[in-house]
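Chain naming follows the written order as A, B, C and D, and within any one chain the residues start at number 1.
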Amino acid sequence: MSFNTFGHLFRVTTFGESHGPAIGCVVDGCPPRIPLTEADIQPYLDRRRPGQSRYTTQRQEPDAVKILSGVFVDEVSGKQVTTGTPIALLIDNVDQRSKDYSDIKDKYRPGHADYTYDVKYGLRDYRGGGRQSARETAMRVAAGAIARKIVPSLTVRGALVQMGPHRIDRARWDWAEVDRNPFFCPDPKTAAMLGDYLDGLRKRGSSIGAVIEVVAEGVPSGLGAPIYGKLDGDLAGALMSINAVKGVEIGAGFAAAELAGEQNGDEMRMGNDGKPLFLSNNAGGILGGISTGQPIVARFAVKPTSSILIPRRTVDRYGRETEISTIGRHDPCVGIRAVPIGEAMVACVVADHYLRQRGQVGGPPAWPLPAAPR
Amino acid sequence: MSFNTFGHLFRVTTFGESHGPAIGCVVDGCPPRIPLTEADIQPYLDRRRPGQSRYTTQRQEPDAVKILSGVFVDEVSGKQVTTGTPIALLIDNVDQRSKDYSDIKDKYRPGHADYTYDVKYGLRDYRGGGRQSARETAMRVAAGAIARKIVPSLTVRGALVQMGPHRIDRARWDWAEVDRNPFFCPDPKTAAMLGDYLDGLRKRGSSIGAVIEVVAEGVPSGLGAPIYGKLDGDLAGALMSINAVKGVEIGAGFAAAELAGEQNGDEMRMGNDGKPLFLSNNAGGILGGISTGQPIVARFAVKPTSSILIPRRTVDRYGRETEISTIGRHDPCVGIRAVPIGEAMVACVVADHYLRQRGQVGGPPAWPLPAAPR
Amino acid sequence: MSFNTFGHLFRVTTFGESHGPAIGCVVDGCPPRIPLTEADIQPYLDRRRPGQSRYTTQRQEPDAVKILSGVFVDEVSGKQVTTGTPIALLIDNVDQRSKDYSDIKDKYRPGHADYTYDVKYGLRDYRGGGRQSARETAMRVAAGAIARKIVPSLTVRGALVQMGPHRIDRARWDWAEVDRNPFFCPDPKTAAMLGDYLDGLRKRGSSIGAVIEVVAEGVPSGLGAPIYGKLDGDLAGALMSINAVKGVEIGAGFAAAELAGEQNGDEMRMGNDGKPLFLSNNAGGILGGISTGQPIVARFAVKPTSSILIPRRTVDRYGRETEISTIGRHDPCVGIRAVPIGEAMVACVVADHYLRQRGQVGGPPAWPLPAAPR
Amino acid sequence: MSFNTFGHLFRVTTFGESHGPAIGCVVDGCPPRIPLTEADIQPYLDRRRPGQSRYTTQRQEPDAVKILSGVFVDEVSGKQVTTGTPIALLIDNVDQRSKDYSDIKDKYRPGHADYTYDVKYGLRDYRGGGRQSARETAMRVAAGAIARKIVPSLTVRGALVQMGPHRIDRARWDWAEVDRNPFFCPDPKTAAMLGDYLDGLRKRGSSIGAVIEVVAEGVPSGLGAPIYGKLDGDLAGALMSINAVKGVEIGAGFAAAELAGEQNGDEMRMGNDGKPLFLSNNAGGILGGISTGQPIVARFAVKPTSSILIPRRTVDRYGRETEISTIGRHDPCVGIRAVPIGEAMVACVVADHYLRQRGQVGGPPAWPLPAAPR
């Protein structure tokens, strides 16, 4: 990962600001001959899109993605497929509402990156948050849609498992429920409470944090690498790179600190498919940085939206003390829309490691091993 | 980060297995003319070294580091300094106790990477855990000692803040206490309990997890980059790459999920030094992926040691179901020795970003900005 | 360099095919606060643009570049400047002449990458050469225009020094002449012959190779790195990556094979500016992979255009033997338009190393050194 | 390539100075289960080793390589094989002849990197050339020996084709001859002259340049990537990174500048093996940056040794004008020993691209393609 590029063999470079003409990305290293049209990408963007319920920002962006390069209609199949060359994706910014920025442009919103951009670069594009806007994450979702097509049998799904004090009851987890409520919440009972809870927050001009869980199924065993190319290391870096994320955990995560060795280590038996069957998944599908073949389970914490109506003490870029109250279109809980983004980042990391593993090792070795001579 | 290399401008490549002839690393990209001898590195290795108390593995390794390259005695100052060329460090393995590996070499220890190495590579060096051994982390600590010298005024300190059910009382936090007990625990009252607690675990043949906190002070503001080069993204990847780590958080971390916007965003006033003064540090010193100048606060969860005496169900590499009980020299709480390792990883990430920031921007811009013309 | 990205701190990623909707690039890592508008880039694109004389392809492309991101109007200066975030550039493809590709789409043109794309990827975008088209090089020129602004006092100029049998007389070298003829030829006498020479080639349906020389002045001493980050190593990789380039040399280049040691090593005296004065420049401005402060001199050989009218024996993608004669708009000497491309690549490499040197070392050390104590 | 690391999936990091305790390298990303012992590497080091004839430096270094990590004895086969973890190699420096450096330590040898190291880093290890010594290339040769084992059927051979004014007659090319003379010269008649020629140079205290040609056979088609990951781009960078190299060319190289299109483009017919047969190889086995399956042919020019007895004008590090005459053990033609080094770099580049191609594409697509429907 370097500045605005992410991944090694499956590489994603994003660009664009919230209120510039467009945002976009370049996906490099995608294998050739994978069927790909805008219709493969758009549904994922639609899930992330703002303005779909009254619980997310009211900015109206169709987020219609265009593929600018890297695809071609294959003569034999008649399908549009990837060519192996870089795939550029572009989304025009449409709803850059003309606005008076006179307040925000000089003042630093607490919890926001306004100050750090200024102190790093000496200036910032303050319109709608510029590069720090969550708008950049649309391109992660688009890239993730391509990543999903690279690893056969990969399924990546996410869900909101906590919002403020409201934690789901995992016994009620229902993946189908996730798409039935505007919160990506897998527990219908918790979901039923969240609307009123968010309405209350908004009336107070406040916001709230959340925890998102992403589960990747169908990940082949053997992805990752021992030391600095660990699958969980790359997942942690990728998820922490999402705006507003303050924590990442894999499998048992922080709860592992309270587990004894015999509680934590996942015991193994032989499954009917000739592969090991793990009797639990505290590892979250990763041991020693390498995938076990079990589902990969990652969770991340999203802090509350920093742009709130409640007035806060701050300073401006000229070193003067002042107050700020942010009026505008903001998600009261940015964690909600982080669900498809988290899924996308996990998909990108898995796809990258899938290609890296294929590169180094070529194909999975025989397992179980032939018995050693005695 | 790629396989066994870590960092961009300050790059660390480690090598070596637990029971091979030696372990080592190459530190590339270190600035020239920094005074450096083995005496700058050895104290950090000594803190991580096994066998120093009865609460860590009894393997006896002097861990005496040798500098093989990249230093020279400067004529003018008469001091040995870095030359800007790669610094290779080597530690001979001394106590590779001859041992019967007949049990461990075929069986997969639950919670260990035995299976994933076999299924990825088709074989593994089982002696003492091979490459997956915590022995590799000695080289991280050595590299970290060099990293500490790169950023002027940087101080990185770590502490154990939780072991199993025992959490410290933060009101009693005393940095001086950390070096007074064998647990790196900053709270003397909690520290006093941990010895008996660990003795009990060991008698039962069990082990326990922990949470470590690392605080970096003196980090200049402006380090990091907006999207995939975020300082917290790189910290998360670096800390998660340490053996047995299952979770990473920055600042308020997972607790941020329960905070309202007005509780979380750190308010600002002007300090006497002409720089902003934050009234709290929920951000953990990082906003938008860029350092604020406040202390950087990172925590990570370490799972319990997987090699335990209590028998566990497992399979072997030939696909046969069996049991395993790991006899040998193991830390009952690997989290203890993770303290100097976590410090080292934070120091390496900060040093890398310090050089990257200097590369892109050249030097800090003027702040506060000159007032704009009206 | 990895697939479609080039550089380390100053990173350029290009995308797009000859006959897709657009070509573009993302420039990442550019320092902030550098004045930049389209007007800084367009003149360089105009020099490379096809259809400007009858000696280059008659494809009509305005090559009007748009900046999509990474710039903002600085309040204090009132100028549009870089922000430090990625700069995306886009050029719409306009003259994708509708054409019958029935011949070229199945047959492999000798000397072209048609076969290698098919055998690597299993398909290719054959329209106008797809990704292998020289059209991609427009984005290198655009990125180079930005690179030129990064290194203070850098001047990069190129010239055609040989076309087929016609070599310039270096005694007549006149930089001003380069822009007075359509061949970028610095020798007016040679330039005067090239028009008729090319007309003759075109009548025969043939094409010809060329040698280009690029000179970079104002390169600070100390750029580069000893082993694999050598300035000349990166220049060689960058120039060889230009379409149709088959050779690269620095300074005396291949002629050095015939030089004796006392002829080759550039002697040194002290200059009036307190810096060493080299009495010759066989090194081409680089010793041990590090810039000396002298002008950097690089030359590269460009093979003749492979798409020619003269019929050639070949095979098609279905394994059938056949003949091909390429009708269409082609440069009879692609070397001509390689001049601005070569300049751009040199500028990008120098800018990248300028930032890398600043990152590792921080600033030039004092030289001459203070005298050592006796 | 970054400072001291080279390659993407097959990565080589070297370290060490001429007169430090040892030189070494870390080879990361090597596929697992490749048989490897010191005996696979040593013969290549022996070919490069100094002191083997009176035409190379008389420094006596056994260059005995030790493998420190990354190998293990596979139970099933009983062979020592790679494990997929980093392979560290170490060579002790033995003959660091104690010497009076009082002259060389302050003065800059013309043609040498003495000045550029000082002006970049502010100091240098002057003993035997420090990091700029050709000694570092031993580790390239060692890494190359591993690279050769990665690509099935790969053969990489090199030869000296020119020394000063003496060019070989290609009609007399005999690979077997290369190992029969101390110059790696494939033409026995030319080889017979070179001994006397070098004796004459040495008597005069001079040195001479050379041209080396490396041919890689058995390279699968499809390796490389279109734009910045071109196989020839990476070869050029790799070969130019060898000490004293001033030019690189592929296939027809600089001679292509004089070729007409119909002379240069290699015509194709179908071979008996169902693959295209090229009727010539001006491309040097690479089209569009991607291997064709033909032999890869690369040549590079090596400048004369800069350390010569003939006195030369120079300056010292304190800015004083002076003269230098380098007494010591130096190759009169460093080009000779560049032959095994060039082979190694080509092998490393091919191995890296072999793994990268396998990563991105997975395996070669079917060729010829199934006929398109009409």
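FYI, a residue touches a chain if its C-beta (ideal position, glycine included) is under 8 Å from a C-beta of that chain, and two chains touch if they have at least 3 such contacts.
In this text the structure is predicted, and so the values were computed from the model without any measurement.
Asks: Do the two copies chain B and chain C share over half of their interface residue numbers, or under half; same or different?
Replies: Since more than half of the residue numbers are used by both chains, the interface counts as same.
Asks: Select the chain at the greatest separation from chain B, using centres from the mean of Cα atoms.
Replies: When every chain centre is compared against chain B, the largest gap points to C.
Asks: Approximately how many whole Å separate the CA-defined centres of chain B and chain D?
Replies: Measuring from centre to centre gives 38 Å for this pair.
Asks: Roughly how far is chain B from chain C, centre to centre by C-alpha average, rounded to an integer in Å?
Replies: 44
Asks: How far is the middle of chain A from the middle of chain B, if each middle is the mean of its Cα atoms, in Å?
Replies: About 25 Å, centre to centre.
Asks: Identify all positions of chain C at which a residue touches two or more other chains, and write them in rising order.
Replies: 2-5, 8, 14, 29, 32-33, 75, 84-85, 120-123, 131, 226, 361, 365, 369-370
Asks: In the complex, go through chain D and note every residue touching chain A.
Replies: Against chain A, the touching part of chain D is residues 8-9, 29-33, 75-76, 84-85, 226, 355-356, 358-362, 365, 369-370, 372-373.
Asks: Could you please specify the touching residues of chain B with respect to chain D in the complex?
Replies: 2-5, 11, 13-17, 20-24, 26, 28-29, 32-33, 66, 68-70, 72, 74-75, 81, 83-88, 105, 120-125, 130-131
Asks: In the complex formed with chain D, which residues of chain C make contact?
Replies: Residues 1-6, 8, 14, 106, 108-113, 115-123, 131-132, 136, 162-165, 201, 206-211, 221-230, 232-241, 243, 245-270, 274, 276, 279, 282-284, 286-293, 301-308, 310, 312-315, 317-321, 335, 357, 361, 364-371.
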